[in-house]
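So, here's a batch of structures to check.
Okay, so chain A shows up in both of these, paired with chain B first and chain C after.
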Partner chain A sequence: MSTNLGVWIAAFLTLGIMSFLYKDNPIYKFCEAVFVGVSAGYWFVTEYFTVFLPKVWDNVETAINVLQAEGRMDWFHWSYLLGGILGVLMLLRLVPKIGWISRWPLAVIVGTTSGLWLINYLVSNAMVQVRQTIIPLYVAGNLNASIGNIIIVVGTFCGLIYFFFSKEHKGVFGGAAKVGIWFIMITFGASFGYTVMSRMSLLIARMDFLVGTWLGLLK
Partner chain B sequence: MKLFDRLLAIDRRIIFLLVAIAVTLPLFSKTILHIEISPMVKGVYDAVNNLPPGSKVLVTFDYDPASAPELQPMALSFFRHCFSKDLKVIIMGLWPQGPIQANIALEDVFRIPEIKAKNLKYGEDYVNLGYMAGNEVVIQRMGSDIQATFPVDYSGNKTSELPLMKGIKNFDNIDFVYNLSAGYPGTMEWVQFAVDRFHAKLGAGNTAVQAPGMYPYIPRQLVGVLGGMKGGAEYEIIDKHPARAVSYMLSQGVSHAVVVFFIIIGNLAFFATRGKRKTSE
Partner chain C sequence: MKDKYIFRTGVLLIFLFMFTSLFLGMDTCLAQEMGEAEILEDSLAQPPAPPTNVVAKDAPNDNGHALLVTWTLSADDGVGRNNVVSYQILRSDSPEGEFEVRGLVPAGENIFSDEGAKEKEDANYFPPHKDFYYKVRARSDGIFSDSEVSAPAQAYGQWYHTGKTPVLFAVIIFSTFALVFITVARKGKELYIRPLAGIEAVDEAIGRATEMGKPILYILGLGSADMIATIASFTILSRVSKKTAEYQTPILIPCCDPIVMAVAQETVRAAYLEAGRPDDYKQENIYYLTSMQFAYVAGVNGIMIREKPATNFYLGKFYAESLLLAETGSLAGSIQISGTDEIAQIPFFVAATDYTLIGEELYAASAYLGREPVLLGTLKGQDWAKALVMIFLILGALAATFHFQWFLNLLKVQL
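After this line comes the complex of A and B, so read on.
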């Protein structure tokens, strides 16, 4: 059994959180509150030291130093102050009377994000993906590749037909849409399977910690 | 019918207990399951294996301790593979805890005798540039100037003074990028910015939840993906150094069998008692 205090605390918190599986209880509530509190504190400190200090404070300080030493405006470093001001404006949501001002920084965020992402999404998730679907249905001497390519083309085509609502899903069109929904369902099933695997992996590691690191039963 | 009624009324806590047993008991076994290598994992392995010694590999740690059970074994085996092939490793993170996870993996990999014998030096054989706030904008800026994006490394050393960083301007000077990702920002952002905009060569290790969403990017935008713990185990097997992920696969297999068993039983019981429920309604 471990003699490390940190391991004991981690084991207590792990068991406390897991105790919710039996039923809600005060120990679970305590562990949950510790988690929320530690997370909030951690993120506050992280944001302060990795965003506010290097991005705003240091740059504005440099701009002030340049102004004092050389008597000129260092616009590059001053520009970081704009981000800081927008950040303060965002906090005005807490003041109901002038809360509407917080829409300005939000507008900046929405505008820059959409500008940044529009082309990237179009290229990576549309154009290149379309290109990846234009593939030969028959690959000479490679049955696996041929079957794989047919599945990709048929799945993409029928999946798109399923989401085409301008024509009633009847006849051949309806049949293709039905094939499309099968492909979509299989995709959801695969994603669910992966999700189960992911959660099991976390549980395995926790049990390994409890049985191995804490209790010392594993060699 | 009574049996099915009882099965449908089974207390969920009994299922939790059975899953816990199914996960824990195999941990005591040394049995190693047979693991098939998927083309997605082989793609990443081959891409690294074909790099000549001295090639520069950028490893980005975009995850935190919550995803470590899945991604940490991948980091460890990837580092082992890189160092055994004398590749130069540059570490960074778009998640604050990422570079810390990298240091944990480095500590572990330096305990392996074959890697320890190489006496790798910080700054020459590997560097940790640390975390940089800004998500995908960081990748965008790295496309222009990596050293301007990371003026100092994780320990506060000037990046420009690190021997390994000499001659590295942008992605043109990086031979391979490997992204360990648990969400946003992660592999999708690396594909969209580093690959499609700056033509970097990218491989990834993802949590199982995220992996299916990355498969459409293979092979044109991604050389391959390690999906969840199974992906990590495959990499350990293909690299001929089975480690933690492989040892967990028996627990994974048995627990999955229990889940599948209950899904089948639940469905059987549901359909067998459906007529009865309709009558009572």
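After this line comes the complex of A and C, so read on.
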């Protein structure tokens, strides 16, 4: 059995969280509160040292120093200042009378990143995917490859029909959409099984900690 | 007896011939090997011919921190003395200055991309708009010969990436479709969108919560406010919270991201205002829990068990926590409506919740519920873009089958 206090605390918290499987209880409530509180505090400290200090404070300070020394700033210095100002505007939520100003940085975040994502999605989810699906339906001398390619093309085509929202799923169109959802569900089934197996490895790791590291029963 | 004598003499002669041939052969091989060794020694002792025509030019389609160097191979690369092992690329900021090694390529190659970092603080910083001179060194075993110094070249960034022209066309086509349909929708024309089971159930689920006098739990997922799934979820939240305002049903929204929390507060506040019940809006019901995935799960699971919400919405970006949340919600007896574009998590939602919006259905749901011309028009535009993709898919498969390469090149995108 371990003589390390940290291991004992970790084992207690692990068992406390697992006790939720039985029912909600005071030990679970305690462990939950510790988990949520500690993680929120940890996140704050991490954000402070990895985001706020290097990306906001240091850059704004550099920009101000450059402005004082040279009387002018490069465009990227201005962008740092702009980011800093938007950050301060977010804090205005704490002042009820002018809290509405905090919507401006929110609008900048949502609007700008939506535009950026449009291109990324279009390339990765549409163009590259379509390009990968454009494959020969017949591969000379290789029946397996031919069947595989036909399945991929038919599956993708019918899957796209399922996600066509402007037409009701009836008749031939409905039949193709049904084939599409079958393809999708078979894919989900495979993904489900694969992920369950990976979750089992997480459970095994926890059990290994309890039985091996804590109780020392595994040699 | 005579025959025996002739046979023995014949065998002796054959052996004699083989023996002589062997020695002669060995001599020839030895002479050949010695000759080759001499040639090799001779070629290694002499430096290879230098590369020629070294040209440096700006690397295309980049952010301005790279130069492309090309040269004509040494006359001893693969031919001649055939003793070039590799080429070393050297750079200096003046033709007479000290040259530093920037890279190495094997014999037979005649192109090198000299790339550097864009951050000034980086040791490998590559300044744009500055003259650089290159020379290429053909290397043999310990000896080398340098090319002439190239003409100066500067790196600069390009505003237009020529390899992404197909993306530009795709954006123009998609935007045109969207703008046309937005205009049509704004003119008041009814645009048909097929019913989605998960969305049809929203009103029923809110009604159930009202009848039971229990709250609604709305989970926006673990995504940040800039993710498309989260943005779609905000639109659905607007509709759901408007309904909860009308029915006076409390809505709980524990968030795992402070920005998401801020946007959710604004969304719900606006919905309550629109419903004519601004006083019923409770900001304390939309709160930050934690940003750590499983701690967030522990917190939300606790809320589910203690508050016993009648309806749970899981709409947004979800990861490994999806099943943990949905399973607990199922145990708590809540009606559950889920939706995400995270493909690996959809199977869990399909298995553990009552209604699931699969992938793009989540985006469609926001348009379906919102009924705003912009959203409806965009969805219609997406549908037409999808129709175009389907046509391309069929034509492309036929083109690949019958080897029409020019058609396949149309969709080639440089990433």
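Everything that follows uses one rule, which is that the second predicted complex is superposed on the first by the 185 of 219 C-alpha atoms of A that agree within 3 Å, B and C clash if a C-alpha of one lies under 4 Å from a C-alpha of the other, contacts with A are read in each partner's own complex, and residues count from 1 in each chain.
Convention: contacts are C-beta pairs under 8 Å (C-beta built on N, C-alpha and C of every residue); 3 or more make two chains touch, one makes a residue touch a chain.
In this text, all values refer to a predicted model and were calculated from it rather than measured experimentally.
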A:121 touches, of chain B and chain C: first, second, both or neither? both
When both partners are placed on the shared chain, which of chain B and chain C touches more of chain A: C
Chain B versus chain C as contact partner of A:205, first or second or both or neither: first
First, second, both or neither for A:218, with chain B first and chain C second: first
Partner chain(s) touched by A:11 [first = chain B, second = chain C, both, neither]: neither
Which of chain B and chain C A:176 touches, first, second, both or neither: neither
Which of chain B and chain C A:191 touches, first, second, both or neither: both
Partner chain in contact with A:63 - chain B first, chain C second, else both or neither: neither
First (chain B), second (chain C), both or neither touched by A:131: both
Chain B and chain C contact sites that coincide on chain A, given as residue numbers: 121, 123, 128, 131, 191, 195
In the complex with chain A, residue positions of chain B that touch it: 13, 16, 19-20, 23-24, 27-28, 66, 68-70, 96, 131-133, 136-137, 140, 188, 191-193, 195-197, 207-209, 211-213, 216-217, 220-221, 227-230, 248, 251-252, 255-256, 259
Chain C residues within the chain A interface of the complex: 164, 166-167, 170-171, 174, 191-194, 225-228, 231, 259, 262-263, 266, 288-292, 294-296, 298-299, 301-302, 305-306, 320, 343-344, 346-348, 350-351, 358-361, 364, 379-380, 383-387, 389-390, 392-394, 396-401, 408, 411-413, 415
Chain B partner contacts - residues on chain A that touch it in the complex: 21-22, 46-47, 50-51, 54-55, 116, 120-121, 123-125, 128-129, 131-132, 187, 190-191, 194-198, 200-208, 211-212, 217-218
Complex contact set, residues of chain A against chain C: 17, 20, 24, 28-29, 31-32, 35-40, 42-43, 90, 93, 102-103, 106, 109-110, 112-114, 117-119, 121-123, 126-128, 130-131, 133-138, 149, 153, 156-157, 160-161, 163-169, 184-185, 188-189, 191-192, 195, 199
